[in-house]
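First chain A sits with chain B, and in the next complex the same chain sits with chain C.
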Partner chain A sequence: MDQKLKYIGKYIPIHDAKEKVSGKIVYVGDMELHGMLHAKLVLSPIAHGRIKHINISKAEALPGVIAVFNYKNSPEILYNAHKWIEGIEVIRDERLFTSHVRFFGDRIAAVVAESKEIAEKAANLIEVEYEELPVILDPEIAKKADSYPIHPDGNHFFSKEIKCGNPDEKMKEGFLTIEDRIETPKTHHAAMETHACIADTDQIGNITVYTPCQVIFQVQLIVSEALKIPRNKIRVIKTTTGGSFGGKGQPILEPIAAFLSYTLKRPVKLVLDRTEEIIATRTRTKTIGTVQTAVDKEGNIIARDIHMLVDAGAYTTNGEAIAVAMGKKTFKLYRIYDQRYVAEAVYTNTLIAGACRGYGSPQIHSVTEINLDNVAKALHMDPVEFRLKNLVHPYDKDPTGGPELGNARIIDCVKKGRELFEWDKKYSRPKQAGRYARGVGMACGAHGNGYFGAYPDFITLSLRINEEGTAVLKGAFHDVGCGTNMTMMQIVAEVLDLDVSKIYIPATDTLVSPFDSAGTQASRVTFVCGGAAKKVAEQVRAKLIAYGAKVLDCMEADVVLEDGYVWDCNSIDLKISYGELAVITQKRYSEEMGATMTYQSPGNPTSYGAHFVEVEVDTMTGRVKILAYLAVHDLGKAINSGFVEGQIQGAVQMGIGMALSEEITFDSKGKVTAGRFSRYHVINAPDMPEVQVELIERLEDLGPFGAKSIGEAATVPTAPAIINAINHALDVNLTVLPALPDRIMDAIKSKTKERV
Partner chain B sequence: MDKFTYKTPVTLEELVESLKSANENTYILGGGTDFVIQMRKKRLSQGVIIDMTGIRGLNEINMDEDHIRLGANVTYSQLYNNPFIRAHVACLAQMAIKVGSKQIQNMARLPGNIVNASKAGDSIPVLLALDASAKIINSKGETKQIKVQDIILGMGKTILNRDEAIIEILFPKPTINTRSSFGKIGHGARNELTIANVSLAMITEYNQINNIIEKACLVVGAVAPVAFHAAQAEVFLQSKRPSRLLIPQLADILQKQVETVLKGNVSSKHKINDIRGLAFDVFENIFTDVI
Partner chain C sequence: MLLEFDVNGIKRKLDVDPEMRLIDILRDKLGLKGTKEGCGEGECGACTVIIDSVAVNSCLVLAIQARDKQIITIEGLEKDGELDLLQKTFINQGAVQCGYCTPGMLMSCKALLMQNTNPTEKEIRLAISGNLCRCTGYTKIIRAVREAVETGGMQNG
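And now, the complex of A and B:
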């Protein structure tokens, strides 16, 4: 089948590559509207307190300042930016500007001025007096019933248990049981483009919001809720997005910019700088996981008990959803029939958590995969052998009754990785004495494909071949820089047998794009939106054949479609273009060469990956070098091989950061001490290893051309694989991520002490 | 109205002329790698910028009988691309290639670290170890030569006046026995492209015939507000034969000294581990052929 594919599987550059590399592309930060004002946020310099007095007179007096807004003159309506579709129950605890600040970076005011510089200057002139309140930074303290409440109903706002079988009974039967406690950090998404937004309001109060967002209809919904303005008066246009990684999922600036513009009846631009981006948007959720795994003598996992403490930060946002999402993954990777997952979510006076590439999967897998290596070690088993004994097989069922796993090829990933990485040789290599210790590690990961089984998951698309023979695909696609549009174009090109350059996807705009239930979330785009693109293209293809047969006066079976032309296979001389056929069809049959349809996601199979890594640790300084890296992924089928490789490379870069260097830190009063890139360390080019990518393309039955998700799935196994490699190199048990030099040195020192 | 006046002297005479009206709003611009950041941080929107980079003759690396002379416009890239510097002033070349990114190395110039008296400035420990001086010109056209050691008073503090500019850095010519090396370990976990958390410059006079370290000079950077000589380590190495056995002892001495300087500052405790690693790196680098 593969030989016949013309577009699927090929590398075709992202649709706006030329404009991006030549600097011609316009991001929202580059946009200028006539009469546009500039806003600057004022953020809390303390982690917890109430505003006693706020003095804005000096700011207002500065020439060029148009207005200053704070809790006194802005809506008091509470909302939750995590809500993306009507009908979801959420805790509403966020408002535009607060009088009760709950973290260092909470929004207390905004200044609007004629220029950005004036707005910044004025923002510094606002004087605020606070009544300081107790600060809680540690989620384990927040969990206690008597901890000082950050929100009226206390700090412990959510609990959830997911269970299969009888883990308590089975746990007792274990030949051995290994327990671990693993902490994962709050991290920053570090997209190149910071959050930015422009809102414009016309004479009759219609608001247009330009934003690099992940879900236009969610922006519309949240702006509508926060401002109490009917949805139809709010138009959201997605702008070119310079990376998101989940960070631009929740509308943060949009309701503010919309409010400012709506009130002042002028366009308002709001752009965050990097420090604001780090502290005042969203972060990866910090977790503290404890896990207990029981195995029999042969190394079969017989029971597992997992507890995750979720630190949502100062506001709820997706604290409940991520706690549940993490749990679901734990039933989809290994054949464990007696297992309990419990999650508890709490508030702390720290930065707000939200979606971040993997949506909890990197955290939960860090906890469980580091633990499994410790189990293998206790069993004196090779961790690869141990995993192969327990991993799920294709078409296994989810023991909790969740969506079926589909063509789950994790075993293929592990076997392939073992071979390519020369795992057996590297793992058993005798340890060298000396300053530098080498080790290898691996980890597996599972991630989903959309919301099927949990939330509404559908998209409406409209595809039309126009009179020139080019095609327009209308849909609410949110290309955040990873190639969504080209992916859809390739799918349509393949089905229609039409060159990819002839397929056009217009801007994503609530006014003209058909409805989509969830946007770029939940790793649903290739699987669900791609599935929809394939289906709608198939409908148009059927029309091309049906009308082709009528016009050519032949059997449908004899109609050939190739490269934008249609003909009867018995009379090759008469070829008509798709455009000509569309015109004739309109003329003769009053029918257009197009289709509009709503596609419901047919399932939610699991994407898998196994990562293998070799590290060298400097035992004097605790610094780690990654010497070799292999990522093997079961993604069904790569629609665009270059994008897939790019996604995996980037995902590994994020995962290395989580494992080794990235952590948002606070001082004892809750002030962020890593609010800039000189203190918050992402892994950059010189420290990046060569990442070898290997794909297992065994086709998922429900996916378009067999495809499953990859962008999020690819960052899931990275951190635990690296920690396992360090643990292997040093014979230690690191339990706090990231494995900073200090933590590694402490682990080495405590090991030396043990021996003495 | 807010505005900058941008002066572009091409001769020293024009530089002197430009310096005449210098005041607290005058900024001397080299590669701009510090200034551009300060401009944003301090919201500078007016004043006079004197761009040094067009001054003829200041981008050369020269040598006279006693000294190596680096013009104020010599970039870090020029330093590590210079065969003589690489071969005979290894610590300078190794430092230059570790400064920031390639882009920074192409723009930044040595005087920047001195005039900004940055604690983490990579070049400072090297310049102190080299016993380097700066040639300074003032608005009257007078020049003077001052040791870098004496220019820097503290973090961000120097003895330089507003109407003075560094036009040259010079240091004694290495002898055939001079060997040196530089190492740094940055903030955080990254290995490359880092801001120094600890750095170490070491220069030795090593007599290969007798196999004796006649003199050693070690300067630790980024630990104290101003880089300092590790005096005990310098005494320890004097008249020793280089060997692997020396390194742990040298490392102990350096660790102790850093520990003393840090005075129990817990947040900086990794500097104590890092200096140990650097002691090994730098010593091994210098004596790799004889130990």
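And now, the complex of A and C:
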């Protein structure tokens, strides 16, 4: 399409902006159903043990309590909430309520009562006696063969190697080899809306689940597996989502609420408070990475060896998938032809890990990008120069045979960033003596666009122009607040040349939405679902033209479509609206102005970004202030410029937290010591820099209007860029994230010691 | 206890437990569900309402403390079907993503502008320092407040 774009690229507010600013929008926690009961979970107060006795009689006796459930009166079926589509092999180790608690926060019971206050009161009346078991918090201890097994088959449950070339041989040829060991923290997603869910069951046992989820069909699948109820009896309706970031990807509350409602035959609401949200949902996976990079004298990377230890926490969930996903990224950013990636995944008695914005990319890039700065330093090279020598070029191949990189524009990002940030000047600026040390850092990142090459990646969409000339696009879209629906609407509007306000996307509902293979996961939505929206709109456009030509009695080539009207370019006076054309087409040809089709993802190109940051470190307190921040991204094409900027700015906020302040901590017995926002520090407005955003819009061949992913990709380079800036400011080598003031002070002290 | 107070210009009389939190009174007794709970401990600001011209976390206010007060919630910003200027600038600037922090954020910004018609960027950041947003990185929220200030027409209260 070479004409000027009308809708693509513009900022158009999110589809439900007005309802959101007026407070009228309904999240699941705001919903009330007739006769609704309220549930409260009872969570383990110890990190590892077996229940010896559980006394629920006091809770049951409380007026207003309807029922109490625990391992004795609930299904014993094991499931893995990570499974999103039939056919994936998973380790099943989670059940609704356990008798063997494996972390502080494990689910042991639920109380259902007439009000949330009564349910809460009753939950506190449940008495449990435990036989305590050894607690393992450190993944390096968990890895050992003789560590006390958290699950029957031991704690080391997965390992994987991905390799290209001959890294062992090549490693020996290095002019120098730099090794680092970097730890990344377990963090909390901190969506402002906590997990919440309502399940309702009708008289014949059909369950309806209302949930702010990322994949309706996954919720249906997991409820079905956990409860052994046929899928067709389970309907899942996605509700307005108050943020997710991967946290609401795995169905956690849904099978529980469904079970409670199914058993009691009444609607049941389950809403977590913030502490429950932090401890009993999912976290960003903690990792310990070691990396060795060998370079020649000129600064060409000749081999690299990476080892990642993945701490899955107490249950498997996506521990295997994320270990693999991280590895794949390491072959897509630099031209390294001899490289090995090894991952090992273990259980610990800590909070369960899961998907979190970037799905391992922020972790693996923290390890590799901090290391690369250390390599540049050893070579006495500018880290930007060093990277430019080694970064991938457009249309490079993945050396492991993975999906092609596509129009990979990371070099453009780095060059643009260097110029806009005035990197050369800032990097070489002489260090000032005194209390406040300034430094600059940068890092690159790569992230994917869907599941092509790994898992089924397709979506079925249905688009129809109705008799009034408005269009309905049906599909299982999961707008979690980032503007998915409007993105799709803009694509359809552009193709049909129909105002965006005339396009409507109904609620996402397993009963009425056509099937989608993976939901909002894997950064697939813009690229895959957007690609599908474009395709189905093109089919409807073709129909408008074909029937337009018949009705107007002209050549198809002469049919003009514009702003909801169709006419013959040779007789401009007769304009008929899309609605009128739809009516005539129905009447005369028994055909509707619509199309339904299944779209298979055509590829999985890589999205890139480079972040540049300037920090000031107070060497007396170890506090870091971010003075300037620039994010440059290669996203092919921004469908909605405002959303893209907002995604990047939000992603950077999350990345700063990972770099500087966010960490879920435990005491020696595994009790969470950061279970509330007063102890878990999310970056607030005064600490947040203004993030300057620059886009490299070199179209991706396979993406809709050239677009590829951004929301996850944007959080990938943040943490390493900041750590690199601190290392530059202080001439230290921080290896544990987040760089809390104490850790920075320790690094300063050990440097001073070294000098003495 | 008998709680008498003014919510969005309407005088209310309710019989409530004096220990009941204001957020629960608003949401559960008055059906004003626009006010959100994000933490229940005064750390996230999702529950912010305006009490006698000051932005307050309604999760920390008990019924007894709300007596005779004038309260504005997010539902009270819109006047005669027309959005408040700040609500409009939030939309214009893309300050809304998931929307969960938005009601509280708007109430903090509204309270700021009630007291200071021309705040600096620093003052805006400070005014929303107790409001966490996980989606936007705050930049567009600050721009929205700036736009409201610059567009003028911001009547005190």
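We adopt the following convention: the second predicted complex is superposed on the first by the 753 of 756 C-alpha atoms of A that agree within 3 Å, B and C clash if a C-alpha of one lies under 4 Å from a C-alpha of the other, contacts with A are read in each partner's own complex, and residues count from 1 in each chain.
Convention: a contact is a pair of C-beta atoms (placed from the backbone, for glycine too) under 8 Å apart; a residue touches a chain by one contact, two chains touch by 3 or more.
On a predicted model such as this, the values are computed, not experimentally measured, just so you know.
Colleague: With both complexes superposed on chain A, which partner does A:678 reach: first (chain B), second (chain C), both or neither?
Modeller: Touch partners of A:678: chain B and chain C.
Colleague: Taking the superposition on A as described, I'd like to know which of chain B and chain C A:745 touches: first, second, both or neither.
Modeller: Touch status of A:745: first partner only.
Colleague: Now for A:660: first (chain B), second (chain C), both, or neither, which partner does it touch?
Modeller: Only chain B is touched by A:660; chain C is not.
Colleague: Contacts for A:642 in the overlay, against chain B (first) and chain C (second): which applies, first, second, both or neither?
Modeller: Only chain C; A:642 stays clear of chain B.
Colleague: With the two structures laid over each other on chain A, which partner does A:625 touch: chain B (first), chain C (second), both, or neither?
Modeller: After superposition on chain A, A:625 lies in contact with chain B alone.
Colleague: Considering only the touch criterion stated at the top, classify A:293 as touching first (chain B), second (chain C), both, or neither.
Modeller: So A:293 meets neither chain B nor chain C here.
Colleague: Report the partner of chain A that touches more of its residues: chain B or chain C.
Modeller: C
Colleague: Have a look at where A:686 lands relative to chain B and chain C in the superposition and call it first, second, both or neither.
Modeller: both
Colleague: Classify the contacts of A:435 with the two partner chains as first (chain B alone), second (chain C alone), both, or neither.
Modeller: first
Colleague: Check chain A for residues that touch chain B in one structure and chain C in the other, and list them.
Modeller: Comparing the two interfaces on chain A, one with chain B and one with chain C, the shared residues are 678, 684-686.
Colleague: Which bits of chain B are touching chain A when the two form their complex?
Modeller: It is residues 43, 45, 185, 187-193, 195, 269-270, 273-274, 276-277, 280 of chain B that touch chain A.
Colleague: Would you pull the chain A residues touching chain C in the complex into a rising list?
Modeller: Chain A residues touching chain C: 11, 13-14, 16-27, 29-30, 189-194, 240-245, 273-274, 480-483, 642-643, 645-646, 648-654, 676-678, 682, 684-686, 688, 690-691.
Colleague: So in the complex, which bits of chain A are touching chain B?
Modeller: Per the touch definition, chain A meets chain B at residues 117, 120-121, 435, 618, 620-625, 660-661, 678-679, 681, 683-687, 738-742, 745.
Colleague: Which residues, counting only chain C, touch chain A once they are in their complex?
Modeller: Result: residues 27, 32-41, 43-44, 46, 73-75, 77-78, 83, 87, 90-92, 94, 96-103, 106, 122, 124-126, 128-142 of chain C touch chain A.
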